[in-house]
Amino acid sequence: MRKAIHPEDAAALIPDGAVVLIGGFMGVGTPERLIDAMVARGVRNLTFVANDAAMPGKGIGKLVTAGCVARAIVSHIGLNPEIQQKMISGEIAVELVPQGTLVERIRAGGVGLGGVLTATGIGTPVEDGKQTIEVDGKRYLVEKPIKGDFALIAAQHADYAGNLEYSLTAHNFNPIMALSGHIVIVEPEMIVPIGVISPDAVKTPGVLVDHMLTRAA
Amino acid sequence: MRKAIHPEDAAALIPDGAVVLIGGFMGVGTPERLIDAMVARGVRNLTFVANDAAMPGKGIGKLVTAGCVARAIVSHIGLNPEIQQKMISGEIAVELVPQGTLVERIRAGGVGLGGVLTATGIGTPVEDGKQTIEVDGKRYLVEKPIKGDFALIAAQHADYAGNLEYSLTAHNFNPIMALSGHIVIVEPEMIVPIGVISPDAVKTPGVLVDHMLTRAA
Amino acid sequence: MNADVMERPKAAMSPKEIIARRVAQEIKPGMLVNLGIGLPSMVANYIPNDAGVFFQAENGVIGLGARPPEGMEDPHLTDAGGGFVTAVPGAASIDSAMSFGIIRGGHLDMTVLGGLQVDERGCLANWMVPGKMVPGMGGAMDLVAGAKRVIVAMVHSAKGDPKIVPHCTLPLTALRRVSLIVTELAVIEPTHEGLVLVERGPGVSVEQILAETSAQIIVDGEVPEMRIG
Amino acid sequence: MNADVMERPKAAMSPKEIIARRVAQEIKPGMLVNLGIGLPSMVANYIPNDAGVFFQAENGVIGLGARPPEGMEDPHLTDAGGGFVTAVPGAASIDSAMSFGIIRGGHLDMTVLGGLQVDERGCLANWMVPGKMVPGMGGAMDLVAGAKRVIVAMVHSAKGDPKIVPHCTLPLTALRRVSLIVTELAVIEPTHEGLVLVERGPGVSVEQILAETSAQIIVDGEVPEMRIG
């Protein structure tokens, strides 16, 4: 059982300099109200880990515009010219990671594995400076686990035990990030009483969730 | 769209000597009718990969009793004295793998990763003969991916696109094995028309499933 | 869970009941706990229903409940030992990858496991007796490697043979030091310095504990008696 | 999908339409296919609805359908470019770990990607132009490393600069040799021996193809014209 909290109270939990995993894909499945509250609070020097930087005016793009970000670990920034500019000007350090490697690194952090062995990136700039290992005659990159101080995720439904359901392409990184944030904050579109979500429908067990936001007014 | 086939036709697809991943945990969530058909056909020299060997008269236990098995990769055989006897007599070669390592090795095989880096088993007999790797100062075992010629799984519902839903503790290894069998055969308790299972309820996408069994008469 | 059992006088308690009741005291409200099969599973009987404790079984439900009334079993809802259980409101079904992700990833507050041997380093052996009994490690190695706290719940001696020993002679379950050992005779905390005796069983003397333990035990001042029942 | 478009005479076809129609011929009934954003996504327009082809977008739906009628968009159902889509009957929602598990694990029959350069080894570069354009690789590296077949769909030259080159000067997407290159001028198959010309574009001569390609091209006998439209 956990009480829902207001977005500004959730934003107040996140200190300057935090490493935040943020769910979403081009702004779909991103906790928008939480991000608005973070911008309003004026959080600074965040490192965010996410699939992409969305676009100006949407999702993570708002954090970029507002100058909240010092570092980004992402697979794609092609739809956000602002972060590209800030990368070139040196305001934001950007680490590009192949999307499938990124999600597995976050998963490894969350499920207690020591790293990810993948052929993705072999022979490309992604390989630079990385440990490799040969298993049964094939060479793999050793990609390190990623964990966040916080995971900031969006869900379709939550119950008051914190169990979560997601919808269609708004799943994306959210269920995996729920495993890998030291503190997990979820913004559900709707909160339902305990027992309304069938055990088989739960995608993220409530034991992984620390805080959830009240529904939009 | 795929037609459901009879258990005996499915069993006929599995040759002697095949490596089969079999879903289930102490016989819960195991494709029983398919196993009955395999026993009836008299398949031989199977290598099975599963959480456990169930118990005599149930699930995988029937394959053990009928002499179908040459080799087993399992985490636990404590409830099946027959396989313990056959291990001691040399009839079945048994490889014991920690349960969490086993499921990740099967997942790695299915999702194209080169192996699993885990601290589980370090300093125990599980470490014997294995490659280890240090990542950020911590030592991990490099556990190899597992794939099957077949994955033989059980589900609660299937639709005619092959999409699957599972129930309660009958999930266990089934959704992971669906990724890792070269040919995936599912025994659903019920088959429903396409469109009846909501996209968000699907745990195994139908594109992973090759054959499904008709419902029990 | 069972008020009738909870009020029985401690004089009537079996060794296993003493152990289960004492382990139950380690479980705090809101925790996520995995109970091994056998003796550890008895611990659930001494946790109040309203404590908000979630029990996980490695075969895939978070929010395991008591055994169902006869005729209300679900063949798809069992514990890791294969016994029928129920699911509490707010339960979640998970597959084995998620189950061990939660265990290995440090999301499990506590695991309670049986033991064959624990040694002065705090290392546990509980999955095989070479040449005799080879059940396999099941989830035990992941549980000991991954849970935030590892509690070993076992009777103090096996037919007169000490189980708390200088150095495990049986194959280890993990190198990790367990958090606490609870037997019917003693509560012992493995530390960097060694095994520290923290409580005596009901009516048990320090001398008796030392006599039934082959490992070296650190006794520092007065050792209180368990407060159970 | 669109009978009206499918019957337009080839004389009226744009380079992109030629490419999309020709790539569509590579897709067989029942396949699972990932289409990149931009030009590759046009390929779906030339696949009959009843072919039983499933389209996957890396952001998480298997069974992507056409753009919805205005007013029937779902904010939670988009393709990898963020555009609104629908889901066909039998579709499945998946998270990013499952999505790339399917891609990396060899379960994807085909991926169609755009390209900046392809070279004589069959290596693709399509994710950055150092100092100029750094969108990031998104899912491209996993797609090229993992899909059973990799088809590069791109216009033959970029403002007069050849894109099929002896050796990529841009950072590679993967070392793996792509399966097929489809442009408006040619269909080229990278092989162990080099780039083999397998088809000419509509009304295009072998000489014209060689003139617009800086890589060495293997021409073996008569080269047939694409049969499209």
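For reference, chains read A, B, C and D in written order, and residue numbers begin at 1 within each chain.
The definition used in the following text is that contacts are C-beta pairs under 8 Å (C-beta built on N, C-alpha and C of every residue); 3 or more make two chains touch, one makes a residue touch a chain.
On a predicted model such as this, the values are computed, not experimentally measured, just so you know.
Chain pairs B-C and A-C differ in how many C-beta pairs are in contact, and the one with more is B-C.
Note on chain placement: the centre of chain A and the centre of chain D lie 29 Å apart, centres being C-alpha means. The distance from the centre of chain B to the centre of chain D, with each centre set as the mean of the Cα atoms, comes to 36 Å. For chain B, the set of residues that touch two or more other chains comprises 104, 107, 111-113, 118-119, 156, 166-168, 199-200. For chain C, the set of residues touching two or more other chains reads 61, 87, 93-94, 97, 100, 103-104, 146.
If you draw each protein chain as a dot and join the dots that touch, the picture is not a line, a loop, a star, or fully joined; it has some other shape. Pairs of chains meeting the touch criterion: A-B, A-C, A-D, B-C, B-D. By the touch rule above, chain B contacts chain A in their complex via residues 104, 108, 111-119, 131, 133, 135-136, 138, 140, 142, 144, 156, 165-168, 199-201. Residues 25-29, 51-52, 55, 74-79, 84, 87, 94, 96, 98-101, 103-104, 107, 118-126, 156, 166-176, 203 of chain B are the ones touching chain C in the complex. Within the complex formed with chain B, the chain C residues making contact are 57-61, 74-78, 80-82, 87, 93-97, 100, 103-104, 134-142, 145-146, 171-175.
Listed in rising order, the residues of chain D touching chain B in the complex are 32, 52, 54, 56, 61-63, 87, 89-94, 97-98, 100-107, 146. Note for the complex: chain B touches chain D at residues 1, 107, 109-113, 159-161, 163, 179-180, 194-195, 199-200, 202, 205-208.
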